[in-house]
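In what follows, structures are represented as structure tokens.
What follows is a pair of complexes built around chain A, which joins chain B in one and chain C in the other.
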Partner chain A sequence: MSDRGLLEQLDRTTETLSHSLTHLVKYASITEDKGDEEDEHGTQEIPESTVRTSTAGLMMVNAQTAQLIRGVQDLLVMTRNIREKWLLTQIPDEKIDSQRELDYQKCSQLLEQWTQEVLGTDQG
Partner chain B sequence: MPQPEFIQERLKSLNTIDDLLLATLLHASQAVGTIEELKRGNENMKPQFENHARSFYNSLEEATVGLRREIKHLDENVGTRLLPINVNKRATGQDNDKIREQFDKLENELKESS
Partner chain C sequence: MTEEGANGRQTEDDGMRKIPLAIDPNLIRLIPSFVPPANDQDAEEKISEEAQKSMSSAQSLVNNPYESFGSMPLDQLIPIILQSRGIGSKFADLSEDTLMEEIAKESNTQVDTDGDVNMDNTEFASDADQQAIKPQQIEDSSPEDEESHVTQEQFQQLKLNTAQSLNLALNESSLALEFVSLLLSSVRPSAANASMSPFLKKTVPPASLNAEKIPAEKPKDTEILDRNLVTKGWKLRSLEESRILLKETHKALETSLETEHSYWSKVAHYISKKDVVFKMKDKETGEKSLGLKYGYEDSGSTYRQERGIAILRHNANKDNLEVIPSEKRQQSALGKDNSEKFMRVRIFNKIQEEDDYVLSGETSLEDLLVPNSITAGENDIRRQISKLQFIIFEKELMFHLKKESENLISYGVTIENENKVTVEFPTEKMEFEMMKLNDDLIMNHQQDAPKTNDRKASLILVMLRLLLVVMFKKQLKKKLLTGQKDFNANSKVSRFPESEALLLRPIMGKFRHGNYLNLLQKVIETYILEEVEGSTVVRVALGNFRSNEDYDEPTYDKHIVKLDREIRLFDQILQTPRTDLLVSLPASGKIEFSLQSSNYCNATTSVKYIDATDSTVFDTKFSNFKELEDFLHFIVSEYVKSNTAQV
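And now, the complex of A and B:
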């Protein structure tokens, strides 16, 4: 069933979304702490490990932000899909069909009237 | 084309879910903005950050709970209101609408001329 798939996807995206803000904050603090150390050591001698950690932290922050946005996007796509399902796979009401049949009778009558009129004007 | 009431209700709640999702993203960005201020040593931003983080989780929770409910509705109505298969539906109803419109016009014309 497709709905089970939707539920699973929802669970997964929610989980990543709820984690991503925490991760974001966590990695943000890594970069900043190391940044403070950089100032202490001076700009000339930055230890290689510090550079590595802060760069890694920055990359993680970017990744987490992207994940956050992508998760929300996925959920928006999901609402769109559900909307499409409601609108497109509807079983049509029987009322509409009966309306159509009524229309046909009236239509043939109208057409006849119209042909008469057109022929009448042609003759005259 | 007017939709049945139940479906209109579903569409409306899906719209609110969309809004909530966007609000989630907004709160996340606000939280990140406040943490930036916090890192600069602005300690009074702490309660604000807390607020933003809390509203992030709140709106995320509301949105996902609503979405879960919508999926349940979808599940319940397969077979009664919805077709159980995926159909690549074209806009087949349109030609009927069009023909009705044309006949209405014809009727008006006939009335005017007679």
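And now, the complex of A and C:
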């Protein structure tokens, strides 16, 4: 996924998160509902019906909470994606990682020494 | 019939001509052809009936329509509005005279039921006529006047649009009327019956529609309290559920976040850029995971028995990374034993008298394989990777060793079993064996007393490994070269002649060559040095004759240059052994010996006899020392001795 895609996804997720959180907070307040109704209908003294209450409650638990959780999970998945991306697309740095130049002279000497040691004992 | 009346009126109403209303002709024509108009007629009838009734009941509907519009019930008002639609503004313009004339004219022509209406409901009828009249006027007048402005097509279009709108309006209004009639039928059946259309009467029973206004009942205080309580209870309950859900998820997520974090920080810490890492699915747990390639394929290995892939798995219990080879599970599932093995080299010396060998040297266990408690924590993962790399390397080494040994049976190499290769020399024997890594070995690893040939054994083992690396490098160079050139042309070539394994032969060759050299020197000694007085043998130093041969193809890729240099380092090991000896014979020239091998293991001796006059007398090759002995004897007796005798 491209950087842009990731950013867009981040925006989307944050938006859903704040959205569902707002819903939860709104629902949690006791007085606010009445205020709303007062503005709209002026029937504030009539409490909402039981059906509506229960439906709203279930909605909140099932939809908003679940959405909140899913949003957080999405964010976690995203961080993992970013980490994978970071790990899998790194390119070896040639200057730092390139092997030290072999000391050919020394290697050659060592090889000669090997020959002498292995065969020397044999011949001797 | 209204048209006729209208035509009659046409000339008289000149003042109205310029009003650009395009509605009328349609209205006139449409009214009789549609259902709503029929309804209208019905309605008119009804209205008249109603009017008649109401007259008796002192409801003066008919005589003063203006007054009645306000007080009229809807079912009567609507048809009137319907009929007078669009011309309401002109209604006031009508003069009484014209109306009177109209009525007079109409009364002459009208014979049928409408007459009733007109008579009873004069104003109303005249109203209806008025509609008809004005349109007619306009229809006739506007085309004449505005022909230049409105084309025929436009006019037709306008006409069509208007007709459609009117139809729609008519339909809507009659529907509304029907609705009101039906509603009314429960209260005033007769009135409703009169205004309902036949269709409605047939399909819907009267008094079947009802409407009632129910006053909103104010809940009692206790009820309000009760409901408020229920609401709050629900809210509390839902919030509680939500809280529990969130808390549980938070816990779960936190733990997974923690493991993830430690996993990734460990990966970041231990996995360097040089490691080959890729996404992979962990088949055991089904999770997405990271794979690590510890095999040497990218380094030029051609070993395909094992893929050399491991999964980086996080062990939550120990909180560390684990490297789990993907083959391990598969093979254990297949019942294959895939225990960790490493190569051990042992050297046995032959006991002269008996036909038996005694162990004189062996390689020790690699430190890597010994579980080390000191480094366990810190570098655990790197250690695990190194160990896996080591083991797969050893496996590949054995794999190639066995392959190479297959063709060396005639030179004392035997494959005893799939884990053991033995090489026999006249005085000693070497064993290359894959040892399983088990506890006994680890326990015994440092208890053995050092032996004389331990160092030699480990040197040989190191050289074997180095030679395998050289094989890798050659392969790598080939890949690079074929990559540079036309890939397709070379892919076949690079696949088939797999670079031949050169592991055992260079090492064996050295030993064998040494033995051959000893033999040759003995032969020279017995047949020349002891026979010819004053003769000496000198070993001729060999120029590094192959050093520049590989420059046949200039390459500018620095990787290839580097590989070339590294490979060439091993030329002194890999080149077939050769030793030149020069035997100088006093006053009789010299003999040059050259001991060579074409395949590391055999030996050919070329002999060149040059006499005192610098002319080459013999130049031959022997692969058999017996023949060489005979030949030397021949030369010495025939040429050298006779020469000295002559001298």
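Following the convention adopted for this analysis, the second predicted complex is superposed on the first by the 67 of 124 C-alpha atoms of A that agree within 3 Å, B and C clash if a C-alpha of one lies under 4 Å from a C-alpha of the other, contacts with A are read in each partner's own complex, and residues count from 1 in each chain.
In the analysis below, a contact is a pair of C-beta atoms (placed from the backbone, for glycine too) under 8 Å apart; a residue touches a chain by one contact, two chains touch by 3 or more.
The shown structure was predicted, so the numbers you read here are calculated from the model rather than taken from an experiment.
Of the two partner chains, chain B and chain C are each touched by A:L68.
By the touch criterion stated above, A:A28 is placed in contact with chain B and with chain C alike. By the document's definition of touching, both partners, chain B and chain C, reach A:L76.
Looking at the shared chain after the overlay, A:L17 reaches chain B, while chain C stays out of its contact range. In the superposition on chain A, A:L88 makes contact with both chain B and chain C. Contact with chain B, but none with chain C, is seen for A:K106 once the two complexes are overlaid on the shared chain.
Judged by the touch definition given at the top, the superposed model places A:L7 against chain B, while chain C stays out of reach.
Legend: residue contacts after superposition of the two complexes on their common chain; A:W114 is shown touching both chain B and chain C.
Residue overlap on chain A between its contacts with chain B in one complex and with chain C in the other: 24, 28, 65, 68-69, 72, 76, 79, 83, 87-88, 90-91, 93, 107, 111, 114, 117. Those residues of chain B lying in contact with chain A across their complex are 3-4, 7, 10-11, 14, 17-18, 21-22, 24-25, 28, 31-32, 35, 39, 53, 56-57, 60, 63-64, 67-68, 70-71, 74-75, 78, 80-83, 85-87, 89, 96, 99-100, 103, 106-107, 110, 113-114. Of all residues in chain A, those touching chain C in their complex are 24, 27-28, 30, 45-50, 53-54, 56-58, 60-61, 64-66, 68-69, 72-73, 76, 79-80, 83-84, 87-88, 90-93, 97, 102, 104, 107-108, 111-112, 114-115, 117-119, 121-123.
Residues 1-3, 6-7, 10, 14, 17-18, 21, 24-25, 28-29, 32, 65, 68-69, 72, 75-76, 78-79, 82-83, 85-91, 93, 100, 103, 106-107, 110-111, 113-114, 117 of chain A are the ones that touch chain B when the two sit in their complex.
Touching chain A in their complex are the following residues of chain C: 219, 224, 227-228, 230-232, 234-235, 237-239, 241-242, 245-246, 249, 253, 256-257, 260, 264, 267-268, 271, 273-274, 277-279, 290, 453, 455-456, 459-460, 462-463, 507, 510-511, 514, 518, 565-566, 569-570, 572-573.
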